[in-house]
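Report on one structure; see the data block that follows.
Each chain gets a letter, A, B, C, D and E, in the order it is written, and its residues are counted from 1.
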Amino acid sequence: MEKAILSVRNLKTYFFTQRGTIKAVDGIDFDLLPSECLCLVGESGCGKTVTALSILGLIDSPPGRIVAGEVVYHDVNLLKSSREQVRQIRGKEIAMIFQDAQSALNPVLTIGDQIAEQIKLHLKFSRREAKERTVSLLKEVGIPSPAEAADYYPHQLSGGMKQRAMIAMSLSCDPQILIADEPTTAVDVTIKAQILDIFRRLKETRQMSLLFITHELGVVSEIGDRMVVMYAGRLAETATVAELLGNPRHPYTVGLINCLPDMTQGNDRLQSIPGTVPSLIEPTNGCLFHPRCDKALAICRRQKEPSVLVNQGHSVFCHLYSPAETSQPC
Amino acid sequence: MIKLKIFIFLLMALVLLTSSCRVAREAGGDYISGTSAGDAETLNWILAADAASFSYSGHTLDSLVTYDNEWRIQLRLAARDVEVSGDGLVYSVTIRDDLKWSDGSKVTAEDYVYTLKNLMFSDWLNYPYQSDWQEEIADEIVFVTPEVVSEVTFTLTRRTVDPEFIYTVRGLTPYPKYIATKYEGDAEAFTQAPEFNNLSYTGNLGPYRFVEWLRNDKFVVARNPEYYLGKNTGAPYFEKYTIKIFGTPAIVHAALEAGDITATNIDPDKVGKFKGMEQINIHTVPSSGYMLLAYNLRDNGWEGLKHKEVRQALSTAIDKELMIEQVLYGFGEPAFSFIPNTSPWYADKGIAKYGVAPLLDKEKAKELLLEAGYATRKTDGSIEVGDKEGKPLKLTLITNAGNDVRESVGYLIQQELAVIGIEVELKFVPWATELGKYLRNKVPGSDQEAAFNNGAGAVSEEPWDLLVIGFGTNPLAPSGTDVFYTTKGGLNFWGFFNPRVDDLFKRVKSAEALDEEVRKELYAELSRLIAEEQPVNFLAFQLANAGFQKSVQGIEPGINMGYNYHLWYFE
Amino acid sequence: MPMKKNWLRDYIIKRLFFALIVALGILTVTFILVRIGPTSPADKYLANIAARGQDVSQAVAAIEARYGLDKPLYEQYINYVANLGRGDWGWSFSTSMPVIELIKTHWIYSFQLIFLSSILGALVGILIGILSAVRQYSKTDYIATFFSFIGISIPNFWLGVMLILLFSVKLGLFKTYYDSGIPIFSLDNLRQLTLPVITITTGMLAGYTRYTRSAMLDNLRKEFVRTARAKGLPERTVIGKHVFRNAVLPLITIIMFDLGSIVFAGAYFTEIVFGIPGLGRISFNAIFADDYAVVVTVTLISAFLILMINLITDITYTYLDPRIRYD
Amino acid sequence: MTNWLASINYITGKVGGIRKLILILMAALLGVTILLDVLVVEKIFDPLGYLYIALGTLAVLYGIYPLYTSRRLVGYYWERASQNRLAVAGLAFILFLILLALIGPFFTTDPTATNFEEKNIPPLGFTIEESVYHPETQQSISKTITGSGKHPLGTDNKGRDLLAMIVSGARISLQVGLLATGIAVALGTLIGVTSAYLGGKIDNILMRFTDIMMTFPFFLLLVFIVFIFGPNLAFIVLVIGLTGWTGTARLVRSETLSLRTREFIMAAKALGASDSRIILAHLVPNVISLIIVIATLSIPGVILAEAGLSFIGLGDPSVTSWGMVLRAGQQNLDTAWWVAVAPGVMLFLTVLAFNFMGDGLRDAFDPRSAV
Amino acid sequence: MLDHKLLEVHNLKKYYPVTGGLFSQHLGDVRAVDDVSFDIKEGEALGLVGESGCGKSTLGRTILRLEEPTEGQIIYRKTDITRLNQRELRGLRQEMQMIFQDPQSFLDPRMTVGQSIGEALLIHGVRDDKEREQRVIEILERVGLEGQQGLRYPHEFSSGQRQRIGIGRALILNPKLIIADEPVSALDVSIQAQILNLMLDLREEFGLTYLFIAHDLSVIKYVSQRVAVMYLGKIVELASRDEIFQNTRHPYTEALLSAIPGITQKKKTRIILPGSVPSPINPPAGCRFHTRCHRVLPLCHQEEPNLRDIGNEHLVACHLYRG
């Protein structure tokens, strides 16, 4: 197996609030390989965005804090590095795209300013050079008349254009890793197609690793190489996209796939996962999914789920696949 | 038309002169006088009606004559004192011959006569004190007649005798005719005349020259090197003289303590503190201001007040010495007459001294009320005060808000009268309200213009019973006070009508009173009569405390302490 | 985009038009208040005449001519507006000068005070506010918050007196009064303005600290800040360029709004306490002299000043905020 | 389960049920007192009394009764607010002040009762020197005055008990603060909600008028009006109320505008709710948290405004307010410092307490701080 | 029953005036809904699909007269509701209800959910507390909550539960027509399925007619019998579900369909529309879609196509199918 460009090990990010500790990310591990697209999948509140922010040290503190784990990038544990070191990596080596371009762009600065700022900072370009690069980046992401667009303020651009500008910004220093946090969620269907198209082209033209966060399995199947499914701050299942979608093991993953209204099938009742996502404050000892799981075992209630390697590169975090466990319905 | 003759003798206000020869001194230093009182209203003295305005212009413009602490004549612009003819009708004034206007032209008798005839007596300018220069002949009001005699001499001829008219004459100040003619007949132009509003005409007529007047902040004059009294002495000795206005007394006092100002008046309760200070001198001097408690004798006052005995009873119940001790911290003397005890005309022989022992007796007061029918004797022998129906008495006392001393006096009277069973309700009203709603009166239903005395049937808009107010009497000419006590007196707002008083005041202003002994006797008679009638309860003459930095020299403490202020100097 | 220029011009004309309406409204409100007052300015004038011992009956005619009391109400109103428009603001009988002259000599004293305090208050307040927001929930924040609460709560008329007692009388560091003899543009003047400026600034500064803090916090929680950080920008740039740029716009409005309510009132008290001969003091003395013309004028001037400031703020704001500029 | 009945009743469309009862009771009370006032010579209430009744009715209808019916919601906010210790301290002080104002007068002497024998007594534990002049001897005689338990806070230069004056001042300040703020906030809410809900021309006119009122510096306008109409406590309260609503109107308007676009308003419309129902049952209860915060934070300004008026001599001379005592004390700061210090400190603490509480409430109501 | 039309919409327009300039003059209109006609049969579910800003929500609200229509007729059971006054309208409200999109916003945060649901009954004259309470409990239980939960406030529920409450509130008046405005788009996938199932169940149980508004064709497909596609204020295609999905005609619908990322289907060539939706203030002349259309004809620039039946009750507004 290739050596990971970024490894996350036992990452725990908690939020300490007056109501109690929210274990937003509670001990997850994954590797991002060079030039691959790893998708982080889960429902809202499952901790995927927090994971991304934790990698870049962008967790608001207080109330959040990374309480344990490592994030190793090129043999450097980012969580142990100085603020300054991490800052040098942000934007330059690891760039990030946010879900809602509308609010992720500074409304009082022009698009060009916001892109050039980073270029000047990290690549030490002059004003002119930075401007030129900005224009070429905007062109690359498909913004028409890029030179003019650079002088626009965010609100003068449509949602799709803003998202493109965001992408251009993240690409500006040729990062090794691009973290994209639900870049297609807040846009319309036709725009979503445009954005996905850009990502597909980027994958082909640039040698960079992509950590793609989304809740849509459809998008994952379009763009992902490998995927990690998260549930309530923990891992549920990880495998290549084809393997996982074709052969899901974890009851949650199975449920997730089943409850998608499928275009090709008939109009039967949708399958759904009963219940709701549990509170992350003081969760139970056992598997967090067990209250909604139709295959739950007695042990699920008591004991944290184990990691089971069910196939080459396919791990599932579920008691069902634990060889040690005797199956008994709960 | 009657004027309100409220003279307030502020210490700093008097700009007067002496011709005594002193060693010439080096002039130097800035003299800063602090005050928390109001600012002047105008420097154009003919339009002024407030003490501060006279004081401001007085720094640059002397009057004919002034008085020292013993009321002795001190010549200023006059070459000699005003001469009165034997029949008391012709007043002859001779001014100095070295007086100059700012353009270098001489000040002449013509200027004075012009000022009198064309300005003060004119009907377009509406000089507030016109009545001082008028006499009544066959029910007609006419002005006295001024006449130029020579370049430096002019006469004023009356047709009736007024022995105290001479004091009015002595205070006369001139306007330059050559400037005033430009504005003659146009009141608005005169009011706004730049020469008069920045005193640029005063030449060598005063110890200082006008520099600057920043409203509500400061009035600044600078040493006048050509001052006619400074020829030999080099006076005045301050380079600059500033009157600085402060927002609150606390800050003025702080400024004196910090040495930021040279002098100010000190409130009675703070004198003790300043006396302990190394760098400060305090001079305690008499003043001619006094406080009184007026009784409303008009129809909207408590009907009991119309009885002399009741008024006497109330006055008997109020302890004046206690008031002086508690409110004025001892800085005052009990008053029993409208003539201040510093006046040459003051005589207290035979005056009923209400409010001090033996005429201070709360039980006696009750008995007086019982006699008048405003009390009943209870079975245990005690007397309960009440109205005719036996209900408890409740009187309303008015005074102007914001005057702490008067408010305190009000409270003290409330306290004192409570002892004899009269409840006093205090009302502190703004000065303008006091004037408009309580003092001015008219006959109800008539189309009279409200005035301070509209005759017997007139009443004020708002009812009142007692009123605390402060007056000043000119100690040299108490006859001016007739406006308060005579039937036709224009300021007789409390409605005191007594033919004997009318008669006596008439006699004081007649030829008979030219004889000072006679006049003194008449005043004594008047004092006794008014004290007996008690239309008002005179409370106290106040003592003023002037605080100076020790470095100021040449001060002669006394009632007219400022008369020689141009000779004061810094150590 | 070609519409932009026209649009901005239109906007400014529109604002001016509204300002004109508001100005007329101000005049109308004062006119009505004066008219329905229990004592009309004429009455007060007459009371003054009477208090000085002058003949009231003679003055009545002059008063009627001045205020046109015999004319119908609308004519009086037109008269009132026209007089003010012509600069004829009446005659101040308590100071014997035209009100406009009075204002001309005294405005500078108020202005210097308000100017210095506003600048100082805004600068320091914003600085502390930023610090407080950036270090939210730190000791700095708690101390700044606590002191700003104290600052807001101290009555400034009281504070002024206390400062004089402490610094001028007890310590002798400053003069006890404001010396108007010192030229306005001199160091000595700055020195003697220290205590008055502190007096006004305390409350204001505290207010600005709070506003800035919350405006900064509002923006610190926004996503674009996270974007800026994700770009690897140094914290200084993130705060100074990204957060503050956004926070400053609403702040301008609040600061300008405060100028009317807090600073003017603060200056009013401070001038009285320190004896600074500004408009507040003029008005204060006029109240006691019942000098109507001055009281009305000072109120009007401050209202019009605020109107101007609002107008300028509005236009500046429009220019500064691209969201409005290109909308 | 049955205890929802009450809570469902609360949303009765037009004023009904218990609310109607309250309204009728209050109106009856008002009517009876007015009748009595007209028929009987002695007045039962001064103008402030009527304000109390009117505002009390509003407070009960829109404050206390809804609070009572939604106890659980109140409990939720209380839990959040009570975590702010300064806010709780502020609340405690305000409660103390209210208690002081309500029952204090029974334990203190008459604040207007003078006694010159006992003037200038310093607070307990302090000693001052005072001297009295004797004109005959021209000497001053000093005596030492020591604070006593009879006047724990000392007396002023007329021998009035400072503690009694502070208690009376607390009453005045609270009255002014609560009543004037009540009027201002009620008026501001009415104007703000109306303006936002009706929109169009009415909105335009109301907002232009608000602009005009806002352009006047609040305090100067106050001075101006009081100067014209004369100082009288009830009038001052009314004027502060009638001029101080602009900020509230603005804030309430913008809040209402944003509420209007919220789907629950649309939902109520879809259910067939009338305009008045939407305003009364949905808009007003939803802006009420904002209004409570505005009101709490306005009170200090109002209290300071009244004190400021008194300080410059435009206060009602017939009542003993803190501003009045402060002004009097100011004159004698160098001889009787305590007279100015006590009301100054009380004023400061009161304003501070309301600010603390307002801030705490704002945080508690702020949805962003919900985490 | 089958062909009985419950609701007919004829030439409905909803314009929002845009003002500006010196004297706030009328500069133009946002043509949110521009000449839309369709009908819904009783018991049917009509899906309305389109991108944000296409006017689908406005259409839904205008039908209920939550927005006043600018022009056109809305005929509900032979009554033209555009002519009703407020009082008459209130009577009709019982029959037509709405389900809203944003679970954070469609419940009054100051009311318990019991109050929110009960309010409808109260408005429509159910004055008896017991009865109201009973019905609120019933409906809560029907949408999958406990009656006891009626005492709670919205902030105590999850998004999915709130959407159940929203459905309950709409159903308590026993309406005939439900307009569901993107009821699941703010929900997570697993919750989405629950809510969709619930809505389907309720339709059968209560005999409801749905106008189901969504931007997601996969959801539409699942719940509706007929589908209307809107673009820039107009309906561009309207047909039965099977027609729409299997016999797609309008290029825009084609693009929408191709844009849906599915997980099991093979990677197909995707139609990627260039640019974004033009402003509804100045819609393009001719066919409104021509600026982005991949099959544009010269005619499209000039002439606006009408919605025409091309057979099989398949209506399409496109020059490609001029017959």
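As a convention for this text, a residue touches a chain if its C-beta (ideal position, glycine included) is under 8 Å from a C-beta of that chain, and two chains touch if they have at least 3 such contacts.
All figures in this text were calculated on a predicted structure; none of them were measured in a lab.
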Path length in steps (a step moves to a chain that is touched) from chain A to chain E: 1
Both-way neighbours, i.e. chains that touch chain C and touch chain B: D
Most widely separated chain from chain E, with each centre as the mean of CA atoms: B
Between B-D and C-D, the pair with more C-beta contacts: C-D
Distance from chain E to chain D - Cα centre to Cα centre, in angstrom: 50
Whole-Å separation of chain centres (CA-atom averages), chain A against chain C: 52
Chain D residues counted as touching two or more neighbouring chains: 230, 313, 330, 333
Parts of chain C lying in touch with chain D, wherever the complex brings them together: 18, 21-22, 25-26, 29-30, 33-34, 37-39, 149-150, 152-155, 157-158, 161, 165, 221, 257, 260-261, 264-265, 268-269, 272, 283-284, 287-288, 295-296, 298-299, 302-304, 306-307, 310
Touching residues (chain side chain C, partner chain A) in the complex: 137, 221-224, 226-234, 237, 241-242, 245-246, 249, 321-323, 326-327
Residues on chain D engaged by chain B in the complex (per definition of touch): 114-117, 119-120, 129-135, 138, 140, 142, 157-158, 230, 313, 317-318, 328, 330-335
Parts of chain E lying in touch with chain D, wherever the complex brings them together: 61, 64, 66, 86, 89-90, 93-94, 96-98, 100-102, 105-112, 114-116, 118-120, 122-124, 129, 132-133, 137, 147-148, 150-151, 153, 155, 166, 169, 173
Footprint of chain B on chain C - complex, ascending: 39, 43-44, 47-48, 50-58, 93-98, 102, 105-106, 161, 164-165, 168-169, 172, 175-177, 180-181, 272-275, 277, 281-282, 284-285, 288-290
